[in-house]
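Listed after this line are the structures, all set down as C-alpha cells.
First chain A sits with chain B, and in the next complex the same chain sits with chain C.
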Partner chain A sequence: MNKRLLDYLLALLIILTLNFMLPRLMPGEPITAIYGDALVEMTPEMKSHLLERYGLDRPLGEQFAVYMGNLFQGDLGYSYYFRAPVAQVISGALPWTLLLAGTSLLFSTFLGIVWGVEAGWRRGRKFDRASLVTAMLLNGVPGFVLGILLLLFLGFYLQWFPLSGGASPYLGQEGIARAADILRHLFLPALTLTLVQLPRNFLLMRSSLLGVKERPYVMTARGKGLRERVVRYRHAVRGALPPVVTRVGMSAGLLFTGVFFVEVVFAYPGLGHLFYLALQHHDYPTVHGCLLLITVCVLLFNFAADLFSIKLDPRLRENARQLLGRT
Partner chain B sequence: MLEINDLTVKYQTPRGALPVLEGINLTARKGEVLGIVGESGSGKTSLALAITGLSEGRLEGSVQFQGEELLGKSREEWERLRGSTLSIVMQQAGEMLTPVLPLIEQVMEPFLKKHPRQKDEAFRRASAMLHKVGLEEHSFYRYPYTLSGGEVQRALLAMALIAEPELLILDEPVSSLDALSKADILTLLEELTGECTVLVISHDLSTIARLADRAAVLYCGSVLETGPTASLLQAPRHPYTRALVRSYPSLYGLKELQGIRGEFPSLGERPGGCPFHTRCTQALEICAQQRPGTVEKEGGRNLACHRGGVVELLRGSGLKQRYALKGKGKDPYLEAVRGIDISLDEGEVYALVGESGSGKSTLGRMLAGVDRPYAGTVSFQGQGFFQLSPAETKKAKRDLQMLFQNSGEALSHRMTVHELVAEPLFIQEVGDPQTRREAVRRALRWVYLPDDEHFLNEYPHHLSGGELQRVALARALVLEPKVLIADEPSASLDASVQAKVIKLLLQLQNERGFALILITHDLALAARAGDRVGVMHEGKIVEEGPAADILRRPLHPYTQSLLGAAPSIGGANLAATGMPSPAEPAVAAAEGPNGKPACSFSPDCAHSCEECFRYVPPLVRVGFQKVACYRYA
Partner chain C sequence: MHVNYWDELKGDRMGRAGLYMTGALAVVALGASWLAPHDPWAYVAPPLSPPSWSHPLGTNEVGQDILSELIYGTRTTLLVAVSSALFSSLLSLLLGLAAGLFRGKVERVVLRLVDVMLVVPVLLVALLTAAYLRPGIPGLVVLFSLLFWPPGARIVWSQVLSLKQQGHLTAARHFGAGTWYLVRRHLVPELYPLLAVNFIQVVRRAVFMEAGLAFLGIFDPSIKTWGLMLHYARDFVFTGAWKWWLLPPAAAVSFTIISFALLGYALESALDPRLRRHVHAGN
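On to the complex of A and B.
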C-alpha cells in the first residue's frame, strides 16, 4: 500500500517538474513563454512585479523552489484574460467538472456492470448478441458527435433540456429550485459522457464475467441451491469485478478527455471548458493550471480505483501487504 | 429412496449429440450408501450432475427421489430442492469456493437461503459444522484461496451437510487429497452421513470399499455390474470389474499392477453392443452387436454380460495321479496328486504354489491335457478333454499350451529359432509357410526378441538363458492359446532375468488376454502375480483364494509357515532361504498313529491336535477363501 502511495507521489513530482520545465525550455525569456501575448498589455511595473514574485530572472533551481512554494500556497499564477489569480479561476470551474465526471462515472460504471453481467451470462444468445452490436456501434461514435446529436435532438428540437451552461444565470434561485436547475443542465452532458464510457465498461465487465462464469465455484454456488440472481451477483460478479474496477481506474485519462470534449460542446463551465477558453485566448497560466489539475485528478482517480479494487479482492490486499513487508 | 430408471444423458457437441450415459438403472434405499466406480470419463460426474439438475446435457428416463420425479423440474423447483432435500459435493476442479468471500459466509448460505432472517443461527450452525469437519476457528474468516485442498474439501462437505439433506451426492470426495487427509475425511464421512441416502462417486476402489454398502461399476456410460461392495470387489464377476480390481494399486497393497488391456474408448467412439467388447478377453460375436441386458444373480448382484460374467475355461475334478515306483516295498506307487478340484476362469491368472515335490507340475500336465489323470476329469470349455475325438483333441490342444519347466533348456539344439517357434503351427497344420513365418515373427515380437532373418536362423546354443526362455514362450504363444500353463517359467534363470521373464509373461497375459496358470514355489511371487492363489501340499490343495486375502490373512498353517518364511515379500526367491523344504519326496500319505490317513501337514503343524490325525480335512469355504484344515471345519 505504502509502495503504491510512493509510486503516486513520485508520479506527482514528475508531473509538477514537467509542468515547471516545459515553458522554461522554450526559447526566449521564461516570462515571455509563460505569459505570452498578455505581456504586450503589461506595464513595466507589472512586469517587474511578476519577475520578482515568481523569481523569473533567477537561476532555474531557485525558480523551482519558488514555484513549489507558490504551489503549496495555492498560487498558480495570474490570469490576465480573467483578470484573477489562476487558482481562483480554476476553483470556480472544478466543482462543475467533478459533478459531471462523477455523475457520468457512477452511471456508466453501474450500468456497464449490470449490462455486461446480463449479456455475458447469456453468452451467445439473442440479448448478448444485440448488446454486443449496440456497444460496438456506440463505441464507434466519437464523444463530441454524440454530444452534438443529443444536443440537437433533445435540447434544440424537443427543447427538453437547456442547450448550454451549468445553471441558468441571474435567476438567483435558492435550494431545491437551484438544484433542479443544475440537474437539468447536467442531464445532457452527463448522458453524453455516460454513453461514451458505457460500451467500454460493458465490454470489460462482459469479458471478465465470461472468464469466471465457468469457474467451479459458480457451479458450487448453484449446486447449493442459491437463486440464480444470487449466484450471478454475489458469487460470479464478486469474482469478476476487481479487474474491471482496476481497468476503469486506469481509464481515468480517457474519462477526462471525454469531459473536455463534452464540456466544450455543451459550454459546461468546468475545467475543460475553461481550458478551451484559455487556450483560445493564449492565457497560458490558466492553461498550465488546468493541465496540472487534470493530471492530478487523473492520478487521484487511479489511486482511488486501486484502493477500491484492493478492498474488493482480498488477493490484491495480500499482495499489497506482502509488498509492504518487503519494502 | 432414490430410483434411477433408464436414464440417458446426451451432450450436444459440434459432432452431434453424444450419449455419455445410456440406460442407467440404479436404486439406493433410504440410508444406504451407494458407490459408483469407474474410470475417468466413464460418466460418473455426468450422473451426479443429472441427479442434481445441473447437467448441461439432454436427459431422458426418470430419476425419482422419495417418489418425486426430478427430471424436468423447473429452475425454481431445483433451487428449492438443492441445498435442502439434496446436496452435492462436487469433484474438485480448481477454485471450488468463491475466492473473494470469507469461508464461513459461504458455508452459511444454504441455511440462510432457507431461513433468511436467522443470521446468528446460521453462523452458529456453520461454525459447529466447520468444527465437526475438522476446521479450526481461525480458518472461518479466511478467504478460500488461502485454504489447502483438504481444507476446501472439508468446507465443501460442511456446506453440503449444513442443509441437512436427505440425499447427499459426493463426487470424488477424497481424490485430490494426500493419504492422511484422505483417511481423515473418510472417517468423517462414515460418521457424518448418518440417516441420509448417499451416492458416493469415485474412481478409487478403496474409497468405495470403505464407504459404500453397495456399488455399481460404470463403464462408458453403462452400469456393468452392481452388488454389495465387499462381494463385488472381492469376487468380481463381470470381466470389466475384474480387470478394474486387478488394475487397482492400493486396494491389495502388494499386487503386481496390471492395466486393463486396450484403451478406454473416447466419447465419440463408444463401441456398440457391450461397451466393453473391444477389451474383453471372452467377447463373442454377439457382444459387438447387441447390448447385454442386466440380469439379476444371487447375492444381490446384477450383471450385464452376454456370457453371464467371467466364464470358466478349464476345470479339473477329482484329479489323481500316481507314478509307479520301482523296487520299493509294500506301496509300488507314488501318489503325486491325491484328488484335486481346480478351475480356471477366462483371462484369469491362477498362481499355484507349493514346495517342490508337492505335485504342481503333475497337476499342470494333466490340466494341459499332456498326461491322462489316473482318476478324475479335465474339462475345457465345458467338454471333457479326454472324451474328445482325435480331431477335437487336436483343436483343443491349440488353445491349451504348456510352457514346461526348463523349457528353454529343453529346446532342441538341432533346430533353428524359426523351426522351433513354427513347430506348433506345423503340428496343428495352421497356415502356409508364408503366414507361418509371419506368425513366428509376430510371436517373437511379442516376447521382445528380434524378428530378422539372422535371428530366425539362429541355433539355440547361441542364445542366452533368458533368450531361450523367451523363444520357448514365443513357441507356446504362437498359436494364440486361450490357456497357458507356465511351469516355473523363470526358476532356472538368474534373478534379474527371472524378474523380466515374469513381467513379460504377465504383460503378455494382459495384452493377449489368455488365462494363465503360473506354477511357482515362490508364494510372494504368486501373490503378486495371481488373481487367485492355490497352495498345494503333498498332492492336495490345502488353501485357495483371492491373492490379497491369502497374503493378508493366510488361514492354513502351511500357508502361514510359507509366508512367515518369506524373506521379503518384495519378491526375493523363497526357495533360496528357509522355506521348509522336504528332504524326501513324500512317498506315502501322512498317517495317523492308527494307520488312518491324516492331514498331510500334521507332522509339521504347530496347531495339530488329535483330530488332525484322524481324517483328511476337506476343503471348506471361509469367506472368499477355501481351506483344508480342521481348525476351520
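On to the complex of A and C.
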C-alpha cells in the first residue's frame, strides 16, 4: 500500500510543480503572469508587498520553497477579482461542488446498478439490446452538451426549473423553504451529471453481472427455489458488486471533470463555475486554487477507493502483496 | 489469434455503422474547402441572420456563415484527435516495448510513471496548461499526446511480457534472431490490433477534450471548432438562434464521439473471442 501512497504523493507533486512552473514559464516577470490585469490598479507598495510575500523576485528554487511553505499554511494568494483571499473564496464554493458531485454519484451508482442487473439478466433479449444502444448513445453526448439541452427544454421552454445559480438570492428564506429552493436549483445539474455517469456504471455492472450469472452459487440459489428477485439482488449482485464499486470509486477524476462543465453550464456556484469566472477575468491565483483543490479531492477520492477495494476483496489483497513483492 | 479484423468490422452491424459515420466525417473534413458554401472567416451577412437559402444555418454574432464554420470545425476536430491518437499511440508503443523488453530499471521507471499519470486528473492538467499557453492545434496535439499515452503503454507492456513467453518467439530466438528483428517481425505486428483499439479510444477522448476546452473558451479564437461555436452560441441561447446555431455543433460533437465509440466497440469484440457474436449465438 505504501507504493500506492507514493503514487498519489508523486501525482500531487506533479500538479503542484505544474501550478508553480506554468506562470513562471510565461514571458515577462512572474508577477505579471500571476496577477495580470490587476497589476494596473495596484500601488507600488502593494506590488512590493506581493513580491516579498511570495518571493517572486528571488531565484526559482527559493520561490518554490516559499510557494510550498505558503500552501502548507493554507495561503493560496489573494484574488483581486473577488477582493478576498483565495482560500476564503474557494472554501465558499467547495460545499456546492460536493453537494452536486455527491448527489449525482449516489443516483448514478444506484440506477446504474439496477439497470445493469436488469439488462444483464436478460442478456441478448430486446431489453438488453435496447439498453446497450441507449447507453452507447448517451455515452457519446458530452456533459456540457447534455446540460445545455436540458437547460433549454426543461428550464427555458417548460420553465419547470430555475435556469442558473444554486439558490434564489435576496429571499431571506429559512429552514424548509430554503432547502426546497436549493433542491430545485440542484435538480437540473444533478440530473445532467447523473445521466453523464449512468452509461458507464450501467456497462460496468452489466458486464460484472454476466461474469457471475452462470456461477454455481447463483444456480444453487435458483435451485433452492428462491424467488427471481432474491436470486438477482441478494446473491448475484453481491458477487458482482465489488469490482463495480472499485471502478466507480476510481473514476473520481471523471466525476469531478463532469462537475466542472455542468457547473459552468448552469452557473452553479461551485468550484468549476468559480474557475470559469476567474479564468475569464484572468484571476490566476483563484484559477490555481480551484484546480488544486479539485485535484486534491480527486486524489483523496481515488485513494479511498483504492484502500476500500483492497479491504473489500481479499483476492486483491493477495495481488497487492504479490505486486509489492515483485517490484 | 489470427482474425481478419477488416471482415469482422464489416460483418458487425455496429462496426459497419461506425465505419460509415467516420467515413462521412473524413470526407467532410478533407473536402471542407469545397463543401463549405462560404469562407467561414469572412463576414458575409448581417450578424445573427436567421437561416436563409444562402445561409442554411444563418450567421453568428459577427456575421460569419454558421454552416461553413460547422464544416471547417470537422477538419479541426479530426486533425487534433487523429494526430493526438497517432502520437500518443506511438509513445505508448515505444515506452511499453522498452519496459517489456529491457525490464529492470527501464521497466520500473516507465511503470511508475504510468501509475502516477493514471491518478493525475487529465482534464485538470489540460485546463491548467491550456489556460496559460492558449495552444493552437500543434500545441493541443502535443499536450494530448503527453497526457494520453499511459493506458496504452501499460497494455503494450503486459502484452509484450506474455508474447515473450510464447513458443514461436522462443523458437525465433533460438534460431538466432536479434532483439530488433523480434520486435519488428513478431512483436509489433501482434500488437497492431491492441494499438488500434487504443487508438480509437484516444481519438474519442481527444474529441471530447478538445470540444470541452474550446467550450470553456480556452482555445485560439481564430480556429474554427465546434466547441468554440458552442461557447459563443451559449450567450444567445435565449434568442431562438440556438435551433440553428447551438444544436448543429452539439449534434456534430455527439455524432463524432458515437461514431468512434461504435468503431471501438466493434474492434474490441473482434479482438476478444469472448465477446465475439457468433460464439454467443447458442447462449
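By definition in this document, the second predicted complex is superposed on the first by the 303 of 327 C-alpha atoms of A that agree within 3 Å, B and C clash if a C-alpha of one lies under 4 Å from a C-alpha of the other, contacts with A are read in each partner's own complex, and residues count from 1 in each chain.
Criterion: a residue touches a chain if its C-beta (ideal position, glycine included) is under 8 Å from a C-beta of that chain, and two chains touch if they have at least 3 such contacts.
Just so you know, these numbers come straight off a predicted model, no measurement behind them.
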Partner chain in contact with A:F256 - chain B first, chain C second, else both or neither: second
Which superposed partner A:N19 touches (first chain B, second chain C, both, neither): second
Partner chain(s) touched by A:F144 [first = chain B, second = chain C, both, neither]: second
Which of chain B and chain C A:F202 touches, first, second, both or neither: neither
Greater residue coverage of chain A in the superposed arrangement, chain B or chain C: C
Partner chain(s) touched by A:R215 [first = chain B, second = chain C, both, neither]: first
Interfacial residue positions of chain A with respect to chain B in the complex: 215-217, 219-228, 234-235, 238-239, 242, 312-315, 318
Chain A-touching residues of chain C, taken from the complex the two chains share: 108, 111-112, 115-117, 119-125, 127-129, 131-133, 208, 211-212, 215-218, 230, 234, 237-238, 242, 246, 250, 253-255, 257-258, 261-262, 265, 280, 283
Contact footprint of chain A on chain B as seen in their complex: 52, 54, 75, 78-84, 87-88, 90, 92-101, 109-110, 113, 143-146, 156, 159-160, 163
Complex interface listing, chain A residues touching chain C: 7-8, 10-11, 14-15, 18-19, 22-23, 25-26, 33, 123-124, 136-137, 139-142, 144-145, 148-149, 151-152, 156, 253, 256-257, 260-261, 264-265, 275-276, 279-280, 287-288, 291, 294-295, 298-299, 302, 327
